[in-house]
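Take a look at the structures below.
First chain A sits with chain B, and in the next complex the same chain sits with chain C.
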Partner chain A sequence: MASIMLEGIVKRFGKTVALRGVNLEVRDGEAMVLLGPSGCGKTTTLRIVAGLERPDEGRVVFGGRDVTNLPPKDRNVAMVFQSYALWPHMRVFDNIAFPLKIRKVESSEVRRRVRWAAELLEIEHLLDRYPHQLSGGQQQRVAVARAIVTEPEVLLMDEPLSNLDAILRVKMRSEIKKLQRRLGVTMVYVTHDQVEAMVIGDRVAVMNYGEVQQVGSPQEIYNEPANTFVATFIGSPQMNIVKGVISGGLLSLLGTQIEGVEGVEGEVLVGFRPERIVIGDGDLKFPAIVDFVEDLGSDVIVHLSVEGAGELVIAKLRGAHASLKPGEKVLAGVMRSDIHIFDPKTGRALKHGV
Partner chain B sequence: MRVPSWAGELARYAFLSLLVAWVLVPLAIATIYAFTPLEVYYSDAILPNSLTAEHLRTLWVLGAGEAFVRSVFVGVLTVFLSFLIGLPGGYALSRYVFPGRDAIKLGIIATRMFPIIVISVSLLKTFFALGLNDTLIGLALAHTAMALPFVVLITGSIFGGIPRDVEEAGLVFGLSSIGVFLRVTLPLAAPGLAAAGLFTFLLSWNEVFMASVLTLTNRTLPAFILVSAFATPTEPIRFAAAFLMILPALLFMLFARRYLVTMWAMAAR
Partner chain C sequence: MSRVGDSPLSLKIKEHVRAYLFLLPALALLSVFVIYPIAGTISISLRSEEGFTLGNYIAVVTERSPTKALIISENLGGAPPWGALLHNAVWILVHVPATTALGLVLAYMLTHVYGRSVVKSLIFVSMVIPMVVGGLIIRFIFDGQVGVIPRLMGGLGLEDLARTWTAYPETSLASLIIGSIWLWLGFSLTIHSAAVDNIPRSYIEAARIDGASELQIFRYIVVPAVWPATLTVAVMTLLWDLKIFDIVYAATQGGPGGSSTVLAYVMWLYFARALDYGKAAATAVILTILTLVAAAYLVRRSLGVEKR
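Up next, the complex of A and B:
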C-alpha cells in the first residue's frame, strides 16, 4: 500500500488549462473522493495519478517514491474506467486473469486469485461469457474484479457507477466502500454525485476550475465549507447566500439584525442551509412570504421571498409543513451556529457560526 | 392512386433479379465455356453435353501455371510490404495528433489521382537503372506503392474503431506500449486486417498495366493472359483464362465475406 502526494500539478491541453496547480495528499489506505462539476479536472487528475497523462508541472509521489515520469505499468496501480474498458476479445475469466498473466503469475495461482475476486464480486457464474454478453452492472463488477485481482497499491475509479440505474448505484456504492475497507487499499474515486462522495470518501476533495477547493471529511465539508463554491456545491437544495453588513458586531440582513458577531466588519455574504431553517423559532428570525411549495412527501421545499430585502430564500422543512400555501406569511428562523460568513470578494469563508 | 403492395414487391424482386443476373450471367458463361469442348462450342448447341479441361491444359502449356505462381508470389509480397510500411502509418494516423496530420491524409488520397499507366512508364526507366526491370520483386514494389494508400487509410480506420480506453486498460494493468499493440490492439483488429490483407492481395492480383509494362518474361497471370491467351483466336481458351482470373476472387468472396463486412463496418465506425 502507498500514500499518494500530488504537488503543484499543472496540466494543459493546447490552450485549455485543465489543472492549475493541484495539491493533494491521499493517506495510506484512505478512500479519497474527487468531487466536482463536469470539466473541473477530476478525470485528468486521476489519469495523472495512473500515469496515462504526464503533468506539465509538478510531481507525483507514491509513498516517498517519485513516479512522475514512470509509465503506468511501473506504478502498481489499478483502475476502473468509466466505460469499464473490458477487453472485448477475452472472456470474463481472461479479463480478470490478464493482469496476473502479464505479471507472469503461475497458472494455478492465477486460477485461485480469479476465483477469489469473482467470489467477492459474485460473478462466478459469468466467467465463461464475453463482455458484450453482460449487463452494465455485471460489466462493472468484472471491471472491479480485474482491478483488485493484482492487489494493487493504489486503486483508481472514474465514475464507475454513472452508467448504472439508481437502485444498483445505491447498492454498489456501499459495496465499493466495504470492499475498499476490507482490502485496505489506497483509493482515489472520482464522481460528480455528492451523495456518492459522502458515502464512499473517508475524505472528499472538492474540485472546481482545475483546482482543489477544499479537502476534508464529509462532515467538515458540509459543516465548514471553505468558500461559497463548496458551500453551494455540497447539499441539496443548495445553501442560501444573502447579502449582509456587519458593523460593530451587529450583523444586518434580510431586514433584521443579530448582535455579537465578532471579528468581521463591513459587507459580507451570509450563508445558511435550507434544511437548517425552522418556522417560528431560531436566533435570527425574519418575516417572509411563501412563494411556492414543492411537496416531496418526507420533506417540503418552500420558496420564500423576504419582504423589503428583495432576497429569495429556500427552506427544506419537515413534511408536516406541506399545508403552507403561496401568499401565506411566516416567520422563518435560523440558529446562530448554522450561520456562515463569507468574504464577498473572494468567496472565502470567514466564520462558521456567529 | 395506391399501388398494391404485391406490385411493389414484384418490382423489388424484378430489380434484384436483374442486378444478380447482371453479375452472375457473365460469370456463368465464362465458367461454362471454359470447360466446353471446341466441337460443341462451334456447333449450334447452346449448352455443352460434356465438359473438358482441355483449354485449361492448353493454357498450362502456354505458361499459365508459372504465371499463376508468379501472381501469387507478387500478391503475397505486396501484402507483406504494404502492411509492413502501411500498418504503422495507419496506426499513427488513427492514434496520434501531430502537425500536418490532415495534410498527410489528403496527400495520401491525392496520390490516387495519377493514372497508373503514366507511373509505370517512368517507373520502368528507374527500374532499368536499378536492375529491377522484369523482376517479380520490382513488380511487387510497384504494387506496394499502388496499394499503400489503401492500406494506410483502411488500417487507420480499423485502428480508429478500437476504443482508446481498451488500450489504456492494457497500459494500466502492466503492459508496455508495444505489449498493448501486440496483445490488445492487434487481436481486436485482426478480422478487419485479415480482410484488408486479402483485399490488397486482390488489388495486386488484378493489376495488369504495371505488370505488362514492368515485366517481359516474368509475367503475372493477368499480363500473361492479356498478351498470350487473348491473342489466340480460340474463344473457349479465352474463357478458360477469364475463369482462371476470377477463381481466386470468387473463393476470396466466399470465405471472407463476413470479414469484409467486418472490415468496412470497422472502418466506417
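Up next, the complex of A and C:
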C-alpha cells in the first residue's frame, strides 16, 4: 500500500514562499504528474515527497503512515533526477546495484536483480561501461533502472526526459508509462511539458504560484479547466479568451450574440480552443479577417482579427485551409459545447458549454 | 606548375624552424637561470681533489655525525639513530596521510556547518603566514611554559610530554611534524573544499534516497568524487615534506643533537656552516632527484587528465 497524501504543505525558502498549502492525493499504483511552469513549486513538492526537503507546515502520509519527519531512506522511495545523477566513478552495474548493496542484499541476489532491471530497460549490454561512455538516452535508462531495482513503493521522477532530444523524448515517455503500469508502482512525475504530462499521467495536477490549480484526468483538465490559468496552460496554441457580457441569458461577444446562456449574469471571460474553431459553421459565428497564416503541414494556425471587437483570435484548422490569405474575410464559428465561461475577477470557471 | 620548395617535408621543416624561433627567448632565459645552475651544481658535486668522482656523494651518504648524517647517525640516546633522510621519510609517512585525510574530512564536514567560510578562512590563515613564522609559532605551541600542547599533556598527567618538546631529542621531530600538519592543513582543506563544492548535489541526494547513511555517502560517493584532488594534495604535501627547511630552521635548527635535522637542512649546513660546496651540491642533487620522482608523477597525471 503506497498511496500518498499531502495535507496543507507549506514550504518557505527564506522570504519566498515556494508552496502555499498544497493538498494532493496520489492513489496506490497511480501515475500522478505535477505539471506547471518553472517556479510553480512542482519540484519542491516532489522533493518533499522524497524527504529531501522538510515542509514548514503540513503532513506527508504514505499509505496511512505519517512520514513527514522521516529521512528518505525510511520512506522506500526511489527517484530519477533531471541530471540522472549517475556516479561517474562507478560502472553501470555498480550504479544500479548501489541501492541493493546499501540494503545489504546478498551478492547473487544483487546480480539477479540488476540483470532484471537492466533487461526491462534493454541495457544489459552496457553494464560494464562507465556513465561517460553512454549517450544521454542510455544514461537515462540506467537512472531509471537504478530507481526500480529495489522495487520501491513510490517512484519519483523529476523532469527525467528534459535533457533528451525530441525524438527520444517521445519514445521514452511511452516507455516510462508502460514500465509504470507493468510494475504497478505509485509514481509522481514532474514536468513542464503538457504533452508529456497527458501521456504519462493517469491524473495530472496543474500547479502555479505554489498551489495546485486543478487535479484531474487529462480529459478533465482539457475539457473542463478549473480556471483561466489551467485553460491557457493546457493546449497548444493556448485557449482564446475574450471579453463578453451576459444579460438575461444573452451572451454578447466578438460583435455577435448567442441566446440561452443560463445561470450567469454580467461581465465574463469567454474561452474556446483554437482547434475547436470551424470556418463557416458553428452555433456562434463571427466575421473575421485573416491576419497571418502559419502552415504546419498537417494543420494551419490562422490568426484572425475580429472586426469591431478589436480582439485577436487564434484558430487551428485542418491543412486544407492552407490556401487562406492575409486580408481574406472569413466567417469563423464555435459549437456551444466548446464555449467556456470564466469569472473575470477570480478567473474561476463558471460554465463549460453554454 | 609546382614549386620545388613546397614539398611537404620542407614545409614541415619550415614549421619547426618557426616554432623554435618563437621558443628562443624563453629557452634563452631558461638556459641562463635554470639549466646552467643545475648543470653547475651537478658539476660541483662531482668535483673533488682527485678530479671527477662520486666521492662527495659517498661521503655525504655515509656521514654519521649526528648533525649531518643522512641515513644512520651515531647520536647518543634520546632519539633513534636516524639521519636526515630517514627523518624526511618519517615526516612523509605521518604528515601526508594525516594532512590529506584531515583536510578531506573537514572539507566535507564543513559543508554541513553554518558559517563554514569563517572556519575555512581561519584554517587557511596557516597557509598565508610565512613558514619561518610558522616555525616560531610551533616553538610556542610546544613550549613547556606557555605552549598549548605541553600544558594539555600536563593536564592529562603525562609529565614526560609536559615540557618543551623542541628541546628534547625524543620529541623534537614529533613537534615539527605535528606542527606541520597544522600549517599545511589549510592547503589540503582549500583544495578539498573546492572539490567537494564541485560535486553535483544530485549525486549525494541520489545516494541519500537510495538509503545510504552519511558515512556511506562519504565513503562511496564523496571520496571517489574528490579523489583526483586528494592525489594532488598528497603529492604536493610529499614534495613539501621532501624540501622542508624553513620551519626546521626556525623551530629547532635540526636539534637537539641532530634529532630533527632534514635533508635540506643538512645541505644548508654543508653550504653555509662547513663551506663545503662539493658536499652541499651533492646533497642538493640527491634532494632534487627525490623531488623529481614525485613531481614527474604529478606532471604526468595532470597532463593525462587534460588529455581525457
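Here, the second predicted complex is superposed on the first by the 353 of 354 C-alpha atoms of A that agree within 3 Å, B and C clash if a C-alpha of one lies under 4 Å from a C-alpha of the other, contacts with A are read in each partner's own complex, and residues count from 1 in each chain.
Convention: contacts are C-beta pairs under 8 Å (C-beta built on N, C-alpha and C of every residue); 3 or more make two chains touch, one makes a residue touch a chain.
All of these numbers come straight from a predicted model, not from anything done at the bench.
Partners chain B and chain C, once the complexes are superposed on chain A, run into each other and clash. Touch criterion not met for A:Phe13: it reaches neither chain B nor chain C.
Contacts of A:Phe98 after superposition: both chain B and chain C are touched.
Residue contacts after overlaying the shared chain place A:Leu52 against chain B and chain C alike. By the document's definition of touching, both partners, chain B and chain C, reach A:Met79.
Of the two partner chains placed by superposition, chain B and chain C are both touched by A:Trp87. When the two complexes are laid over each other on chain A, chain A has residues 50-52, 71-73, 77-79, 81, 83, 85, 87-89, 98-99, 102-103, 146, 150 in contact with both chain B and chain C.
Partner chain C is touched in their complex by these residues of chain A: 50-52, 71-73, 77-79, 81-83, 85, 87-90, 98-99, 102-103, 146, 150. Contacts from chain B toward chain A in the complex involve residues 163, 165-166, 168-176, 179, 184, 187-188.
By the touch criterion stated above, chain A contacts chain B in their complex at residues 50-52, 71-73, 77-79, 81, 83, 85-89, 98-99, 102-103, 146, 150. Listing the residues of chain C that touch chain A in their complex gives 200, 202-203, 205-213, 216, 220-221, 224-225, 227.
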